[in-house]
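What follows is a group of structures, each given as structure tokens.
In the two complexes that follow, chain A is the common piece, with chain B as its partner first and chain C second.
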Partner chain A sequence: MKDTVKKWLEEKQVDMFLGYKMVHGHALPYCFQADRLDEVDDLVVSRERYSLEKMATHIAAVYPEMKIGMLARDCNQRALKVLDIWDQLKKDSVTTFNVNCCPSPLKNHGDCSYLEPSPVGPVKVELGIDNNMSVEHAEHLDQKERFAHWMYEFSKCIKCYGCRNICPVCFCKDCSLEHPELIRSGGALPTEVPLFHLVRAAHMAGRCIDCGLCEDACPMDIPLRLLYRKVGSSVSDLFGYRPGIDEGKSPFNLIGDAPTTEPRPI
Partner chain B sequence: MTNSIEEIEDAECIFLIGTNTSEAHPLIARRVMRAKEKGAKLIVADPRMIQLARFADVHVRQRLGSDVALLNGMMHIILKNGWQAAEYIANRTEGFEEFEETVMGYTPAKVEAITQVSIRDLEQMAEYYAAGSPSALLYAMGITQHTTGVDNVKSCCNLAMLCGNVGVRSGGVNPLRGQNNVQGACDMGCLPNVYPAYQPVTNEAAREKFSKAWGRELPGNAGLTITKMIPAMLEGTLKGLYVVGENPVLSDPDAHHVRSAFAKLEFLAVQDLYMTETACLADVVLPGVTCVEKSGTFTNTERRCQLLTQAIKPLGNARQDWEIISDLSTAMGYEMKYQNSEEIFEEMKQLTPSYAGMSYERLGLDGLFWPCPNSEHPGTPYLHKDTFTRGLGKFHPIGYKDPAEMPDAEYPYFLTTGRMFAHFHTGTMTRKSAHLHHEQKTGYVQMHTGDAKKLGVKTGEMVRLSTRRGEVEIAVVISDMAQEGTFYVPFHFAEASANVLTNSASDPVAGIPEFKVCAVRLDKIVHGENRK
Partner chain C sequence: MTQKKMTFLQELLGFVGLEDRLHLAWISSAEAQKFQKVVTDFTEKIRTLGPSPLARDYQKAVSL
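Let's turn to the complex of A and B:
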């Protein structure tokens, strides 16, 4: 891997390479460049992950000609596909070095930290939602109970926007979460329950690639991945479309009038 | 904090008093919530219905400024039931008998009358706190910003010692501090009475040590606290002021009084990132650098010293704070010459025992907790393990005192001030962020539905709030977070400044002003009226 990355940089196949550098025992996202080639020796693949493609999107927005190299697991690959479909980061501008997801006892080519889920406390199981629950399991809960449990989870929200900010496929210039007519701003915490999270969930339809970074980032351990998985399964059932896996445009990627919250004549 | 943030997750009981943790210290709230979800009991004592109160096993809304009575009441019940840690008290503390005598005077009925907390809730709090092994106590400005601030803190310590919770992992007495480096600034002696590591300026040996290191004779008397500087400026005994990274015109109580004091200064220099309200009054403004433009260390609320690495070159004509101070000192006749912040750190640690074992190399990414006395020492995540700093932990008998100003016929409501989640302090930084501005554009007075009905005001309506110090026009927000009879105003907003209203009466020992309690009146604004 290190030799390949060095070669790419030396031969100007890429202008930069986004990966992880080991710094004082932590693998941190890092931009490797040709003028500091020896740093590539510190390039690592570890359990740590970050949406490198989001950084790439930001870089490409400022430097459209930049050839970006990137370390990519499966989730990064899915995100890159979505970003290409939505014209945020064209696939020609990114060269990936593909690596396996974290090896684990369950699967040798798998699903990072989620293959060894951390235990969830008894009170969370009783009042909230076990983050490791499957969509099928969640759907079998009694509806009233299910509602109460989700409301418990949402009412923990501290409105840090971490779920949005880390999301590799959140790229809208005007975010609905900051639309004053959709979500009340200001005042106290929690944010508007459950609207904030439902608005975000709706916008994940046809886009979420199930990387789970949102849930990793959530300081309050809200089971966002489960929520968006449900949204994803609805899209898959209704339209037969799986973002990041299936080719072609998302069913929501239709050209039409500019969206508005104004009521329209029917 | 006596204990580290991470440890909170493993407490069996968490007692939050005077801290709106999820809004002001969100990542500490994460630990509280995790502990709760693992099965810890959560006690919240806050007059307002804060977010974490929703998750509390018991939430009490004590009357503003009644914390000493509340804590004494809990301790009374603990002692009555024999729930105290008798062995710990015998082996590790002193002054228990005198303390016990005082606490026994705080019967549940008496405490209920002062605090408006029901006896049942009081008993529940006492039981949960005493049963936790360990129980962590967390507090913030709701405890300290009172004329009885020191009494409140001592009462928290009494409670923690009574149940043997100091010197154990996941327990402790944990003040949550407001700024990323306020602990570090205090550690470095940015206080009027101590050198770095809290070595008193009045101590001859300490003074000699610093005199020797710095090559100058040093004064043996303590300087002025900020609350003492204001009257000294008015009297003309303090003529020049150099303000670094602070915005007292907005953050200090009784803002009109503060402004008139600043007007009397012969010379004012302000070093800041932006043209703050205080910088606008300055003769000289020195542009400092933001956190991404500098290297150095920050020591946070859990005593963790962390290394900061410069990401970009300073913008415009901004300069490193240490460069400005060095040049100023050199110009004034005391030469300071350093190559970088690391050289200053190396000098500092020679004189600061609690940092002596640290170096930039050792700090790495995770930092180190002080005390870290030598280069092999792993740092100290929790304090007072086998012994207290003074040897035995001292119980203080503390009696309840009223706040300096209580509501009366003329000013019939309580006013309390604080922070809201979207902004930081006087908003000098956060109000420049478009995203945070979107969250909260200006100030407001939060009040209970019952009070709003009585006064005939609606959400969004501009009203006039007046105290004996001044008046502001401000928009109403009706919220059941507020306690009936108590208004709440966040202090981030210069145009609706809470500190025009607040009382500068301060704690006799620490000098901290009573931002959390004063008496206020609300008047509707009638169109066309003449302002009085």
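Let's turn to the complex of A and C:
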């Protein structure tokens, strides 16, 4: 891996390479460049992950000509596909070095933080939502319980915007969660609960690639991934579209049905 | 397409326990009676459901 990255940089196949550098025992997102080639020796693949493609999107917005190299797991590859479809980061400007999410022979183990969810404690089980619950299970809770438990989770939110900021496919310049004319604020805090979470969930339709970074980032341990998984399963059932997997425009960046060349009755 | 998008929203709201409070109907500007009926029926339905649980202080529902 390191030799390939060095070669790419030396031969100017890429102008920069986004990966992780070991700094004092932490694998931090880092931009490797040709003028500091020996730093590539500190390039690591570990459990740590970050939306490198989000950094790439920001870089490409300022330097559209930049050829960006990037370390990519499966989730990064799905996100890149979505970003290309939504015209945020064209796929020609990114070269990926793909690494496996599941390097172990036991396929249920993953070399990343989300594939091994941690068990939740008794208080959360009683009052809130178990982060590891399946969408089907969560759908079948009784209505009162469902409402109370989700509100318990949402009401913990400290509006840090971490979930939005980490999300590789959250890219709008004007975020409706910060727009006083679009959404009512909750007094001292931005956007009230549960509108904050529902608006974000609705906006993830056709985009969320189920990387789970939002839930990883959430300091209040709100089961965001489960909520967005419901979004994903509804979008797949209703529109037959799975973001990051299926080719073509998402049903949410089309007005009306997808144009076809099929003749239609007049 | 609109119908699917609304169904999506209904499913999302239902997932967090806020079902049955969103309704979509096609009514042309020439269908005054249909408009009247849809609105009356939906108003009745909401009346039976009672005030939105969000209108109450949700902290109570949460039983912290």
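Just so we're on the same page, the second predicted complex is superposed on the first by the 238 of 266 C-alpha atoms of A that agree within 3 Å, B and C clash if a C-alpha of one lies under 4 Å from a C-alpha of the other, contacts with A are read in each partner's own complex, and residues count from 1 in each chain.
Definition applied: a contact is a pair of C-beta atoms (placed from the backbone, for glycine too) under 8 Å apart; a residue touches a chain by one contact, two chains touch by 3 or more.
Nothing here was measured: the structure is a model prediction, and the numbers come from that model.
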item	value
Superposed model, chain A: greater residue contact from chain B or chain C	C
Contacts of A:64 with chain B and chain C, given as first, second, both or neither	neither
Touched partner set for A:248, first chain B, second chain C, both or neither	neither
First, second, both or neither for A:227, with chain B first and chain C second	second
Which of chain B and chain C A:148 touches, first, second, both or neither	second
Chain B versus chain C as contact partner of A:194, first or second or both or neither	second
On chain A, the residue positions that both chain B and chain C contact, one per complex	155
Contact footprint of chain C on chain A as seen in their complex	127, 138-139, 143-152, 154-155, 193-194, 198, 201-202, 205, 227, 230-231, 234-235, 238-239, 251-252, 254-257
Parts of chain B lying in touch with chain A, wherever the complex brings them together	22-23, 26-27, 29-30, 33-34, 36-39, 50-51, 54-55, 364-366, 420-422, 435, 438-441, 446, 477, 479, 481
Chain C - residues contacting chain A, complex	1, 4-5, 7-9, 11-19, 53-54, 58-59, 61-64
In the complex, chain A residues that touch chain B	23-26, 120-124, 128, 155-156, 158-161, 178, 180, 185-190, 219-221
